[in-house]
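Below is one structure, written out as C-alpha cells; comments come after it.
Labels run A, B, C and D following the written order; every chain starts at residue 1.
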Amino acid sequence: MTEVYSFDPLIIKTPYEITYKHSYGKTTKFFTSLSDGKLMATRCDHCKQTFLPPRSDCPYCLRETKWVQISGKGRIHTFTTLYFSGEKFLKDLPFQLVYVELEGVDTLFLTRLKTKDMKKVKVGMKIKMKISRDPEWRSSDIWAEPDE
Amino acid sequence: MPRKVAVVAGGLSYFSKARRDKTQEELAAEAARMALFDNDINLSKDDIDGTIVSYFSDHFENQLLFGSIIQDYLGFNPKPSVRIEGGGATGGLAVRDAYAHVASGLLDVAMVIGFEKMSEVNTAKGNEFIALASDTDWDFPIGGFYSGYYALMAKRHMEEFGTTEEQMAMVAVKNRNNAQHNKFAQTNPKMNPYAMKDGGKITVDDVLKSPYVAFPLKRLDICLMSDGAAVMILASEEKAKKITDTPIWITGTGAGTDAMRAGDRPRTLSGVPMLPHEKKEWYKELEYPGVHSFRAGRESARQAYKMAGITNPLKQLDLIELHDAYTSSEIQTYEDLGLTKYGQGGKLIEEGVTALDGDLPVNPSGGLIGAMHAVGATGVMQGVEMFWQLQGVAGKFHGSDKTQIKNAERGLIHSHAGTGTYVTATIMER
Amino acid sequence: MPRKVAVVAGGLSYFSKARRDKTQEELAAEAARMALFDNDINLSKDDIDGTIVSYFSDHFENQLLFGSIIQDYLGFNPKPSVRIEGGGATGGLAVRDAYAHVASGLLDVAMVIGFEKMSEVNTAKGNEFIALASDTDWDFPIGGFYSGYYALMAKRHMEEFGTTEEQMAMVAVKNRNNAQHNKFAQTNPKMNPYAMKDGGKITVDDVLKSPYVAFPLKRLDICLMSDGAAVMILASEEKAKKITDTPIWITGTGAGTDAMRAGDRPRTLSGVPMLPHEKKEWYKELEYPGVHSFRAGRESARQAYKMAGITNPLKQLDLIELHDAYTSSEIQTYEDLGLTKYGQGGKLIEEGVTALDGDLPVNPSGGLIGAMHAVGATGVMQGVEMFWQLQGVAGKFHGSDKTQIKNAERGLIHSHAGTGTYVTATIMER
Amino acid sequence: MTEVYSFDPLIIKTPYEITYKHSYGKTTKFFTSLSDGKLMATRCDHCKQTFLPPRSDCPYCLRETKWVQISGKGRIHTFTTLYFSGEKFLKDLPFQLVYVELEGVDTLFLTRLKTKDMKKVKVGMKIKMKISRDPEWRSSDIWAEPDE
C-alpha cells in the first residue's frame, strides 16, 4: 500500500480510507420531505425567524423550532462561477454558486444555479428551487433555476 | 487589574509551498531557535513557563494530538501547554490565549508556537480540507470551495459599493511586491532558498490577466498555501523588563465570531457595531451583517480599540498586518477595522494609503498573498512581524531595510477564519 | 491579583454509545439548555460574554472548524470564542482556559461547551483515530493502540510495585456501580433511555472473567466510548455573586505535559516533583518519570495544590472526579495526585478509601468507565459533576440521592490525555 | 458512493479517501541506514543524551543532534500481548508489544516482540533488534527478538 515517493528526504505515499455513517439527527425531515416534493424550513415562533438550512434549536432563545413548508421562490443575492475547486468537485467545473433570498426565509441559502445562459444572471434575478428526482441525501439534492 | 503583557521575542522559518526537507516539528524548531537565540534578549529556554500551540488541522498530517509532539519536541515537558484552533484565525487566537495565560497569572513567560505543513496532500485535496472547514451538511456538498465563498462575498461588495477588480488587483500587487524585501516570503526567490521559482514582482495587469478561479477572483487575488512555523515569546511586565530593554506591549485584544454558513448572518436583526469615530447616519441604509462584510472583524476591532483606547484607527495606528486571504477580503477588512467608511475600502488602496510609503502601511511583510499562509503559523507570523517592526529591527530580520516602517509605535494584527467565523484583532505598542 | 473565578451552572446530555437521534450540535444544545434553564441562577443567555469550545478531533465527523458551528448553533455570534484541544484532557484544558479568560478580564461570563460524537465511525476505526493520537511515525505503525500502551504501563506498575489485576478490577466495580445512580451514565439502562442494554452492576469476578484486550487489561478495565455533551458556565466574582447564592470557586488549576512517546520520558534526568506532605527519601530508589506513572499528572497536581493552598490532599479534598481511562490509570493517578505514596495506589482501592462511602470518594459519577467518555465533553462533565456535588444538588440532577457526597466542600477534577501527554488538575471549592 | 444506512434518523454512509505524501525530513537517515543493516540513533553531545526514535534537534538545548550507530541489543522493560486493536492492525492479532532498554540509548523504544514462546517473556529479558529485509519504510521495519 505504501510506496516510496522520494528517498532524500524519504517521502512515503500512503492512502487512508474512512467510512463515515453520518446522522442528520433532527434535521432528517428536511431530506425525507424532498421525496414528497416539499421544501421545509424551521421556524421559531417566539423569535419570529425562519431558518434554511433548518435548525432544530433557535440560536436566539434555544427553544426547539417547528417545521414549516416554504415556496422555494426567491431572488439571487449574489453569484459566482467556479473554475477551480476542491478535489471532490473538479469533475463538475465550471459551475455556478448563488446565495438566494427565499420567500418566507430569514437566512440566505447557498446553492448551485443551473442555467443555460450565465450572461443573463444578475443580482435580484428571480429563481425557483428545484428538487432532484434521484436523491443523494445531500444538500445538492436541491438547486436554483431561473424563474421566468 | 490584569497584569500587563509584552512580546519579547519572535522567530520564523522560511516559508515554502513544500518544505520537504524537514518534518513539521523540525520546522517549529527552526522558528523556536530564532526566537530564543537571534533576538537580543536575556532569556534562556528554561525560563519559558509554558506553551500555547497553534495549528489548524490534524487532517494535513493524519497525526492527532500534534500539540503534544511540538511541546515534547521542543523540550518543554512537564510544563503547561494547550493547543488552540480556530481555522485561519488559529494564530491570532493563540496570541490572545497566551495573553490571557500571562495576564491571569497562570504563566509568567509563554511561548506561542504556530505551524502548518500543508504539502503532505496535493493542492486540490488541501483545498478540499479547507472546504471541510465550511458546513459539511449544507455548504460543502454543493461544490463548496473557499474561493467560491469569497467570490460570492466579493461580488456582493462590488454590487453594493462599486468596488472593482482593478482595486482588488492593486492589493495583490502591493502585498506581493512588499514580499520581495522579506527573505522569509514564499514568493521571493531572490532571498528565500525555498521560494517558488516563478515568484517575484507583479503588476496590476498580471493580476487582471491571471485566470479566474471563481469570478471575480483570479489566481493572483488568492493567498498562498504554505509549510512553515512562527514563534513568539510573551512575558509579564516584571519578567519582560528583565528580558529586554524594548518590550512591545499588547495593549488591546478583541475576538469576534460569525455564522459558519455566511448566509445565516441575521441580516435584519443587527446594525453595524459602531466604532468611536463613526456616525450612525453613515450606515442607515446598510443591511448589516450582510455577506459583503465581516461582522466578526468589526467586533474584534471594536473590542481591541476599546481596550487600547483607540478612537481613530487610521490616525493612531502606524501599520497593520492583515489576513489577506483574498484581495477582496483585505478591502472588506479596511472597512471592518474602521480605516474608512463601509463601501470605501477600494478607494483606500487606490489612494495608496496602505502602501509601504502610505499613511498606514498594510502588510509590509507581504501578508498571506506575498509571504505565506501556513494556517496555524499565520497569525503568529503577523505577531512576529509586528514585534520586529515596533522594535525597529524588521530590516535586520528581513534581510532588507525597505520594509521597516519608520518610527512605528503602534500596530494592529488581524487574524481571520472561514468566511469570517473567527476574527481577532490585537494591538501592539512600543 | 487575578480576579476570582466561580462556576455558576452546569448541564449534561444523556451519554450513549450512539446518540444517532441528534447531531453533534443538537447534543450541545441539550446540555446548554440544562445549564441555562435547569440551574437555580439569575442569568439569561445574553449575559454570556463568550465561549470556550472543547472537542478532540475533526476526524470523527470529517467536519473541520466545528467550534464555529457550535458557537453559531447556540447563538453566541458575534461574541468571542476559541476552540481548545488536548486529546483526552481537552475538557480539563478548556476549563482552565475559561478560568484564564475570566481571571484576566477578557470575559466576565464564559460558557465552556464540551462534546464529542464518536459513533459516526465504527468502533475499530474510532480506536484507530485515538491511536492516531500517538506518534504516527514511530508508535502507531507497529500496531499502536491505546489499550496496548496502557497495558505496558500497567505491567510495569505491577512489576515495580506489586499491583494486582484484582485491585484494578475493584476500580471498575466501584466506578461502574456508582454509575447506576447517575441517570446520564451510559452503563445505566434503568435511568438513561440511551444506555447500553447490557449495562448495570458488575462484580470483581465479572471484570476478571472479561476477555483480555491487552494483557493485563480486560474489557471491563477499559473506559467507554461515547456520544454526548457537557456545559459549564464560569463567571467573575462580581458577576457570580449576582448570578447565584452558591457560586463554586475555582481556587487552583495546574497543567502538566509529558513526552508523546512514553518511552522518551527522561528516566535518568528527573526526580519526583515533590508535594508538600511528601518526603524525598520515600522515592530515593524510584526511577522517575518512568512509564509506571504520569509525571504530567503529578506536575498538574503540584501546581493546583500550590495555588489552592493544599498541603495534604487526602485530608483536604472531599471528592475527586478522575480520568479513569483504564482501571490501572486510576490507581496510578492516586499516586500522582499524592493521595498515597507511589506504589501504594492498589492498596487505596483495596481499603475502600475511594469508594462512595470512603474517606475520599473518587468518581461518584461513574467516571469514564461507568458514565461516559465523549472525549471533548469528559473533562467538562467532571466540572459539572463537581459543581453539582459542591452545591449539594447532585441527587436532583442524577435522579438518585445515593451519589451525593455529604457536606462536600472541596474537590478536584483531573483530566488526562494520551499516555499522560497532557494532564490538568483543577480545585473547586464551595 | 453514498448509501443510506437508516431513514429515521437519516444516516448516510460515505467513504472518504486521502493520499498522504509524508516526509521523514531530517530523520530520513534512520530508515535509509536500515538497508545497510545499521541501526542509527541521534545524540546531543552537549547534553550527553542519545535518542531513539531519533530527534534532529535536542529537546534540552535545541542544538542539532548527530547520528550515532547503536548495537540493537537490550532488555525488556515491560511487555503486553494485544488481543484487540485499531482497524488497521486487526489482521495481525494477537501480537506482542514491548518497551526495550537499548544499549547506549537513553530513551525506551517501543517495538513488537516476535517470539515463539510468550510464556518465557519477562521484564529484564535480553533482546536483540532485527531489521526487515523487505522494508515498508515504517518503524515496523524493525522489531525485537529474544537474544539467547
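Simple rule for what comes next: contacts are C-beta pairs under 8 Å (C-beta built on N, C-alpha and C of every residue); 3 or more make two chains touch, one makes a residue touch a chain.
Just so it is clear, the structure is predicted and the values come from calculations on it, not from any experiment.
Engineer: Chains shared as neighbours by subunit A and subunit C?
Structural biologist: Output, common partners of subunit A and subunit C: B, D.
Engineer: For subunit B and subunit C, let me know how many angstrom lie between their CA-based centres, rounded off.
Structural biologist: 34
Engineer: Where the CA atoms of subunit C average out and where those of subunit D average out, how many Å apart are those spots?
Structural biologist: Here the centre of subunit D sits 29 Å away from the centre of subunit C.
Engineer: In whole angstrom, how far does the Cα centroid of subunit A sit from the Cα centroid of subunit D?
Structural biologist: So the centre of subunit A lies 44 Å away from the centre of subunit D.
Engineer: For subunit B, give me the residues that contact two or more of the other chains.
Structural biologist: Answer for subunit B, listing residues that touch two or more other chains: 20-21, 23, 59, 61-62, 72, 77, 122, 125, 129-130, 135, 137, 261, 264-265.
Engineer: At least two partner chains per residue is the criterion; list those residues in subunit D.
Structural biologist: Correct list: 6, 9, 11, 16, 18-27, 138.
Engineer: Tell me the shape of the graph of touching chains, choosing from line, ring, star, complete and other.
Structural biologist: Chain contacts: complete, every pair touches.
Engineer: What residues on subunit A touch subunit D, complex-wise?
Structural biologist: Result: residues 2, 4-26, 28, 31-32, 136-138 of subunit A touch subunit D.
Engineer: For the complex, which residues does subunit C have touching subunit B?
Structural biologist: Result: residues 1-2, 23, 50, 56-59, 61-65, 67-69, 71-72, 76-87, 93, 96-97, 99-101, 103-106, 129-130, 132-137, 253-261, 264-265, 273, 289, 295-296, 298-299, 303, 417-418, 421-422 of subunit C touch subunit B.
Engineer: Please name which positions on subunit B make contact with subunit A in the complex.
Structural biologist: Against subunit A, subunit B makes touches at 20-21, 62, 122, 124-125, 127-131, 135, 137-139, 141-145, 147-148, 151-153, 155-156, 159, 211-216, 261-269, 291.
Engineer: Quick check on the complex: what are the subunit C residues that touch subunit A?
Structural biologist: Within the complex, subunit C touches subunit A at residues 20-23, 26, 29, 32-33, 36-37, 45, 59, 61-62, 72-75, 77, 119-122, 125.
Engineer: Can you list the subunit D residues touching subunit C in their complex?
Structural biologist: Checking each residue of subunit D against subunit C gives 6, 9, 11, 16, 24, 27, 49, 51, 53, 77-90, 92, 95, 97-99, 106-112, 123, 138-140, 143.
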